[in-house]
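You will see two complexes here that share subunit A, one where it goes with subunit B and one where it goes with subunit C.
Now for the complex of A and B:
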């Protein structure tokens, strides 16, 4: 067993996780974290909001932006998925995807300002790329019609032989993606767009915890009831209503866009013709002072969070598995997991940051809780379907280690590897909250209006992400966890 | 002549799996291709289809049905290239009576008429095979190349299906692994083993020794 591939890979990642733990700064810096936490958690019993019409508007705005963003993403994603065979398309989409929506928002803020257009673009660009990839995979996976029989009328064959079997999966994944879009739109508030995150952070800063709870709980209800109000009957009316509600899409500025690409992001020494020497020293300075520490911290946070996610999953999944728990426990654990995964990591990290002060601890906790709850849910679901023999041991510990864990371990690793890239993307973005990962340096570069540096740092972030994606794919191949999980299993079947 | 192979080698994934094959199949013949799985039957059937694509219908072993489409639409797929794209799109919403009638007349022969509007994923393995066969018949070609098309059917349905196929196709080449079904329903058998033809005879000429050979081929 100790020589198995699963063991070797796990050992390596635990080792890297422990080394990261050694280097990670996990200090609690708030003066009285315990009483602050108590204040925060007990305010759940006195939920209220001082101005409900503002709150309503924030919710409507968040939902409308998410609806329109998914609408455009579906269109672009569907078109791009048809060209997914082209290497150029695949590479550009991988690049587009690897930049977090909050980074996109920060970029468009510089170009178009603080408006709906910026919010929409920030979501539509990375989401179209993700949808294109997953749509292409779904279409390919559900194609049972042999090419030998395919005729000349490409469109008719596409509609008759590819769409019918893929459609349920396409719809279900799109719905999952809409749930993500709601979360993403909510956190756009943290950069100033007046969606939920905006009010959440301002209530938090003023210590109005009862408002924070109200926003969070209404958000959970909205996410949990998505199926009821976002379906094939309501989709078109929702899109039209969102168009009418958001109303103002102005702000497009060609001159700014042009300036951004032809001047702002061009390295300062190149733009001013200062010669090779100063270009190199420009790069060297950024590399030593920002790229190196930023990338190291991003990796440390990623690997630590991955290890913590794995540990949490191994502890949590039995709670949502009928093999280990009775119904009441399973239901309450399930609700707990739904709440955890409905909370955007960014908001979790923000809350912990307020409670524990700036270090890697809030970010690591947030990433662990969010990702751990997602994987626990999926693994728990898998174990429910597992058929064990009738005379299997009744002792839970033996059942866990001898029957269940060996069976799901491969799948567990595959899920972790799939989330790895996502954890990395989040680790980078959490820098915006003040943790010195790449996002921190990107945010500071924007604040200083040094967009050339920002662009370089974004490239590094994207590169790291693509690298992790490639290693993750190789690792899954090595472990033969070839079962496709990116598309269908992660739509979080509720 | 429908097919004429003269000392040909057939490869799959760049590997030669059938060496220097020679045989003729005349128009009007019905030939059963016998051999165990992996003997190269499927590759040979596909190869024959590709050499006469315009005149032939092909039923692959995995059937190539679209699970979420109705039986009717799965059969209609055979003529997608014959109709305009517009006609094909309208057919998904409201099929023309003429098309429905011609599909119905085919599935009636295969005792499947009550399944016309059912989705394929609700059907049994044998019913799915008959849908794939109906699709091939609807294509209205003279040659049929089929890879194990009746493996899930009982004796009664096998004979109905082969009779229907003979009525609808001039020439039939069918990969099988069941000796009785082959000798009972086809005029000629070709047995493949170790990438060679071991036996090639008219069923009416088979003696006990030949039958023994055929069982050996399918082992």
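Now for the complex of A and C:
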């Protein structure tokens, strides 16, 4: 009787998180890492870059690719959202969404090479799918007119009533999606597209931390100032300028595309006609040695990071809430959160790897900081709008536990559920660091040039993501949390 | 605008065709850029083509680019070269460094582990944390893995408590030096160059074992270069590389010179690849 729905769901997730903690390998193995981490943090005082024109070019490229990617994603997303009732469309979109941009890039790199086309496809494909889903949900939310008020013409109802009604929500979500696109575009540099991430990872791998800081700060400024330069007045000029700047979209190669689907991803024993027996043993070997441990580690890391994210959020959100802090603290906390959420998780994880040695700890901490800072920002903002009684307690702890927390708890859980799927997708990427998640095995398959295995593992990853998506949807329905927020950075209600 | 410029460039390059080449990213990018921009100048001059070096971020991406004919020539490691030639019909190894016929890896350890150097395969590796270089590296992955399996009869993941992949040789050295990993495997050329340049702190990290020798790096080309660049081009390219005497270029390669190479030179690598299960 005492256990509310919120409590039951939280209890379950804390329990799963603790079980994951038990199974997770969090051993600290470094012998002496002080010098390296000191190097890193002190280099901020000697920031510089060896070639500023290269950096400027990477800066412009990052923005142009992100602008064009969001432009195409809006178009495809809007069209697809109209067919969102079809089960086939929904399933295929869920599938495309569940594969991380970086993996899409690695696939297209095999087919079209390292070029703008690959970068655009890697972002447009998953982003169109996300936008289609969110647009469809927003349109549904704004479908509140009764039949008699709708008139006879469905098309004019759609254009003149539904769209204008939903427009503010559509626009604000799209803007947040653009921030995601910027981050994604930058990170594509890690696989070789010459965006900011390219130079970031090069400098990082070479230990040129003074360059790393400069690139990171350039990136923080871009992200923090999005509102100033990305709005309804600048959108069209930005799209045109990006087209002209990027200029070269060639690289499409039908033969290679065909080769990928008809040869590369066909399982090795089938392609070489080795018979049913060896096909089964091929699959069995991958299942036992890679899929099982990979999926287990992915789940353990995801659930642990989800729990850590929740804890961090509960600690951090008062710092950005005017209910708890004064303006100067709030502003500095805000900057701190921008820094945390704009630093690629990969870089965060790598710093922790230097500090703590190889285990799941660096990845879990990186995911916690990144996602915790995003949700804290959202919750902090929500509490600002909260109206409390005039005679409310003056004690901060009482205010926190008896007034604010109970009021935002439902929203807090909803945000966590939305981030859940994303944490899982990101945990795959951190496999590149040597934590044997599914992403680790995908990366290995690519390095071994076994694209058939890569494809199989991608399917498994996609399946896990879809599963998490379905569970979190059910959980949200159970909690009756607000329905219309979803995917990447759910900050459109701001 | 850029397109127009590109077209102008294309027109002017009717006289000298673009010839794109790359390399596996086995060490610091600045070092690679320095090395290959010098080579580009040399090849352009000697072959009357517009030779262009494009840096590539991963071993597998360089194989993919070679396969998709976005590269005409590639400086591969033993392992990446074998993999590339398996999937690109008629491609061939044409030249290798003098030292590449007898390449080696060093097993290095953080001094605080107390591991000591020996001529025989080192004892006391079990249960340590260990890092390879890139997953696709010959000297940082394939051969060390082979020798570990040979001596301990176990996969590295069973020998060590943790196995990581640092990404490249320079990073391997810095991770073992910092103690993030206790032991690592590294390309001997990259280590020796680091010692010479003074970038390695030998009070923190040292060599504990040198592997037996094996064939490594080589230049690999497509089999049909003559169709694009004119008859006899491949032979001319090969001669140009073999005749390379420029000190600065050789030094940037850490090689004393280049000698002929053929696909069969790398048969040992192929069989090691197969025996470790890294090649089908």
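Note that in this section the second predicted complex is superposed on the first by the 458 of 494 C-alpha atoms of A that agree within 3 Å, B and C clash if a C-alpha of one lies under 4 Å from a C-alpha of the other, contacts with A are read in each partner's own complex, and residues count from 1 in each chain.
Definition applied: a residue touches a chain if its C-beta (ideal position, glycine included) is under 8 Å from a C-beta of that chain, and two chains touch if they have at least 3 such contacts.
Only a predicted model underlies this, so the values are computations on that prediction, with no experimental measurement involved.
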Partner chain in contact with A:247 - subunit B first, subunit C second, else both or neither: second
Partner chain in contact with A:328 - subunit B first, subunit C second, else both or neither: neither
Touching partner for A:354 - first (subunit B), second (subunit C), both, neither: second
Touching partner for A:237 - first (subunit B), second (subunit C), both, neither: neither
Residue contacts on subunit A - larger count, subunit B or subunit C: C
Subunit A-touching residues of subunit B, taken from the complex the two chains share: 46, 49-50, 58, 60, 62, 64-69, 73, 76-77, 80-81, 83, 85, 88-89, 92
Residues on subunit C engaged by subunit A in the complex (per definition of touch): 1-3, 6, 28-30, 54, 56-61, 63-65, 68, 70, 83, 87, 110, 112-113, 129, 131, 134-136, 161-165, 167-168, 170-171, 174-175, 178-182, 204, 278-280
Of subunit A, residues touching subunit B in the complex: 144-146, 148-149, 151-153, 155-157, 159-161, 164-165, 167-168
For the subunit A and subunit C complex, residues of the former touching the latter: 29-33, 35-36, 109-114, 190-192, 198, 201-202, 205-207, 244, 247-248, 253, 256, 268, 353-354, 357-359, 433-434, 443-444, 446-450
